[in-house]
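Just so it is clear, A, B, C and D label the chains in written order, and each chain counts residues from 1 on its own.
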Amino acid sequence: MVMRDKVYATMDEAVADIPDGSTVMCPGFSGVGVPRNLLAAVNRQGARELTCISNNAGTTDELVDVGTLVEAGQVKKMICAFTAPTHPSVISPFVRMYNEGLVDAELVPQGTLAERIRIAAAGIGGFYTPTSVGTELAEGKEHRVINGRTYVLEYPLPADYALIRAWKADRFGNLQFRLAQRNFNPIMAMAATITIVEVENDVVEIGELDPDQVHVSGIYVDRIVKIPEDGIWDGAKPGL
Amino acid sequence: MTGKAKLTRQAMCDRLAMEFQDGWIVNLGVGMPTLCSNYVDESRSIINHSENGVIGYGPLAAEGEEDRHLVNAGGQHVTSQPGMGIVHHADSFMIIRGGMIDVTVMGAYEVAENGDFANWRIPTRKGGGIGGAMDLAACAKRVFIAMEHNTREGAPRLLRRCSLPVTAPGVVKMLVTDLGLFQIAASGFELLEHAPGWSPQEIQEQTEATVKVSPGLREFRFRG
Amino acid sequence: MVMRDKVYATMDEAVADIPDGSTVMCPGFSGVGVPRNLLAAVNRQGARELTCISNNAGTTDELVDVGTLVEAGQVKKMICAFTAPTHPSVISPFVRMYNEGLVDAELVPQGTLAERIRIAAAGIGGFYTPTSVGTELAEGKEHRVINGRTYVLEYPLPADYALIRAWKADRFGNLQFRLAQRNFNPIMAMAATITIVEVENDVVEIGELDPDQVHVSGIYVDRIVKIPEDGIWDGAKPGL
Amino acid sequence: MTGKAKLTRQAMCDRLAMEFQDGWIVNLGVGMPTLCSNYVDESRSIINHSENGVIGYGPLAAEGEEDRHLVNAGGQHVTSQPGMGIVHHADSFMIIRGGMIDVTVMGAYEVAENGDFANWRIPTRKGGGIGGAMDLAACAKRVFIAMEHNTREGAPRLLRRCSLPVTAPGVVKMLVTDLGLFQIAASGFELLEHAPGWSPQEIQEQTEATVKVSPGLREFRFRG
């Protein structure tokens, strides 16, 4: 029996077919585990009218992130946990454009965001969370008291594509993450229809990863690209 | 009942396995369906998934070479295979409910022409055995059934409506019995392939529901 | 800073305080990952009127499992995915006692069982699943159509105690499982108030497990016992 | 406003950290609350949890010794520590919503005497920044707040009712400001410890809500 080899040669090939109007998941947290090379390729590719699902909507630094797509006018709507700056003086491109009405947004508490992504992968139609009860964000949502506690109903958040940054992969797409790089990557990899992965470390042969130490099964992964020498690295390159 | 030969369980399961397409993720139920894994087309990538969170396991382990920590959903010792991965039970059913299983093959007591099937409970006995069957039946992309055409007593099992409590309504797409291969379409059972020597008329006589004959009816295909 | 050492000397000490009437989670699947030594200790300890949550209710073999507690009359109710034998001729102690009305049971589809356990750990009040819709088991349950698909509402399944079988642990309680041993163990470890673990392989010093390869965080674990030489092993002992 | 010295941010956070009990799992919000990790009682096991799934991380990394894959929720590089474990974001919020966090320390714009607090949105500005605050506020066993007693313009922040949209209703148990330490009981704010040189009366003058004086009122305790 064979297992499929999903390795693509370049980031550009791996994202070439993403059409205008797609919903795209963009993981990363505090700058770690961000699929910067794939995002740069989507920026070059030029898909527009995107809905992006991400913890935040980009920073003010020079690094490529989902904010790069926002600034380029490729994003119609952000679904994220931050739509205002933590410090009023730090105005990211997204914040400026959101304030000017150039991009739409849906604000979701971070744990609700994570679980909505997970249930999209899990075939669950909705879940009741205690988060946001008694706040503005719960207004208009269905409330329910279960065992004496009040919950609001939240729905799944699926996507057409997930852009993933992993530490290691095998050619079938089994993935491993390193430390805080994991964050939203596994659940987004599982929730999207097409999952595209950039890999920091090696893409190894099938069978080289310990089955007990696979963080995301290759059944969820469609395309794999090794980050090239001249790609976008965070700090020092791995192993160097 | 005629004395003519019926299909063996292995032939039935080999035939279903011929339908597995390259890249499919397959969940084989306890019992007869596990025989589907004996037919392996080396050119196709077929990923075995088991409810206990084993993704991509290999063939049954030879006696004396079992790994005591590696079993499939039927408790059979299976072998490790390159590319395998392990998840816990909740994540394993994310795969199932999330619609990642291309086909599940199960046994059944009864199948109805509307795609209902029953395999978890006999009302005259207390309790039931569901396991992962209801999740798989409700959520897999395709449900295939492998079962004998009639009960041991000769009663029909391909029915107009199930008499037993159903496992899931309207989900069965393909069915193999010891008399042939059927698909279930909007119009009900359609005979695609008949066991050698069995005419459509003879198969209809063993069946409560109406069996429509496929325009492309042919003799049953064996592992070649 | 220190991390707590949770190692207990014996199985009996680790389960000594389980009171009558407790709800106890018992993982394991097809005989793998079953906490046989802890179950034997609960059997010796004698707690009664237990509600046990487990995939099945015990087998007909000689090995200690949750069926041992059932047969000893310690179990009031089983919550599980099988209450009838797969083959009518295979009558386990549970099946016999259930048929005679000596033990109660709630039958739950396996995926619903797993997710009900997980949401108990996840602070979620309920979830909508497509599983069981159109069957006898969905009767009386709330139905809801979400995005054109029908779901039933299911509620969390928490427990007072979880008895866990792990492959390796550190003294803080970070756990690793081997292959199909994982099954219900991680979610049950997370869902119970008190989690007690029997360990097949070594209990190592804190810091010896790779943080990326911890399957259950020690924050969920309360007591750890190494399986003794004369304990209950499945087949050959590890490393031997 | 008086010219008397107020408490430093570090003193405020050290004081809250003195409340952390052996075995607690602690989540420290972005900004001032991260200073709580500077006070470490070596005899206590305190587990740091961060929203991004890092459980049991150590102190901030020294400059030049950062691991680029290891940050806390505020994006600060932290150090690895024996016993650490990593989970993904959904599992990290299982820990939070599941009630495993013994205390979360956050900053706030306002705290009300009924335990409401506000820290995610200013209605005059578009949008908001929630992050994990609503999950933590709704689900942690205890919510502690560290903030300046008044705004830069001198307006009170300890209020009868929040004027800003709340993050969670009725959850704040303890509050430290640059004027002292408070608990919130059914009767509202109770002053437990006052900054050196500040009388309860002077603190009341800086506060909109009524400040009840604890029978055990004492001077603020510094890291000893």
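Please note the rule applied: a contact is a pair of C-beta atoms (placed from the backbone, for glycine too) under 8 Å apart; a residue touches a chain by one contact, two chains touch by 3 or more.
Just so it is clear, the structure is predicted and the values come from calculations on it, not from any experiment.
Q: Between subunit A and subunit D, which partner chains are common?
A: Neighbours common to subunit A and subunit D are C.
Q: Between B-C and C-D, which chain pair shares more contacting C-beta pairs?
A: More C-beta contacts join the chains of B-C.
Q: Just give me the whole-number Å value for how far the CA centre of subunit B lies from that of subunit C.
A: 29
Q: Suppose each chain is reduced to the average of its Cα coordinates; what separation in Å results between subunit A and subunit C?
A: Computed from C-alpha means, the inter-chain centre distance equals 33 Å.
Q: Please report how many Å separate the Cα centroid of subunit A from that of subunit B, as a whole number.
A: Here the centre of subunit B sits 37 Å away from the centre of subunit A.
Q: Could you list which residues of subunit B touch at least two other chains?
A: In subunit B, residues 80, 86-87, 93, 96-97, 139 touch at least two other chains, as defined above.
Q: Find every residue in subunit C that makes contact with two or more other chains and list them.
A: Each of 115, 118, 122-124, 129-130, 177-179, 182, 211-212, 215 in subunit C touches at least two other chains.
Q: Would you mind giving me the full set of chain pairs in touch?
A: Result of the pairwise touch check is A-B, A-C, A-D, B-C, C-D.
Q: Tell me, which parts of subunit C touch subunit D in their complex?
A: Against subunit D, subunit C makes touches at 1-4, 118, 121-124, 170, 172, 174, 190, 205-207, 209, 211-212, 214, 217-220.
Q: What does subunit C use to touch subunit A in their complex?
A: Within the complex, subunit C touches subunit A at residues 115, 119, 122-130, 144, 146-147, 149, 151, 155, 176-179, 182, 211-213, 215.
Q: Hey, which residues of subunit B end up touching subunit A in the complex?
A: Spelled out, the residues of subunit B in touch with subunit A are 23, 25, 40, 42-47, 49, 55-56, 58, 80-87, 93-100, 139.
Q: Tell me, which parts of subunit D touch subunit A in their complex?
A: 30-31, 50-54, 66-75, 80, 86-90, 92-93, 96-97, 121-122, 125-135, 138-139, 165-170
Q: Could you pull out which subunit C residues touch subunit B in their complex?
A: Checking each residue of subunit C against subunit B gives 29-33, 55, 81-86, 88, 95, 98-99, 105, 107-112, 114-115, 117-118, 129-137, 167, 177-187, 215, 234-236.
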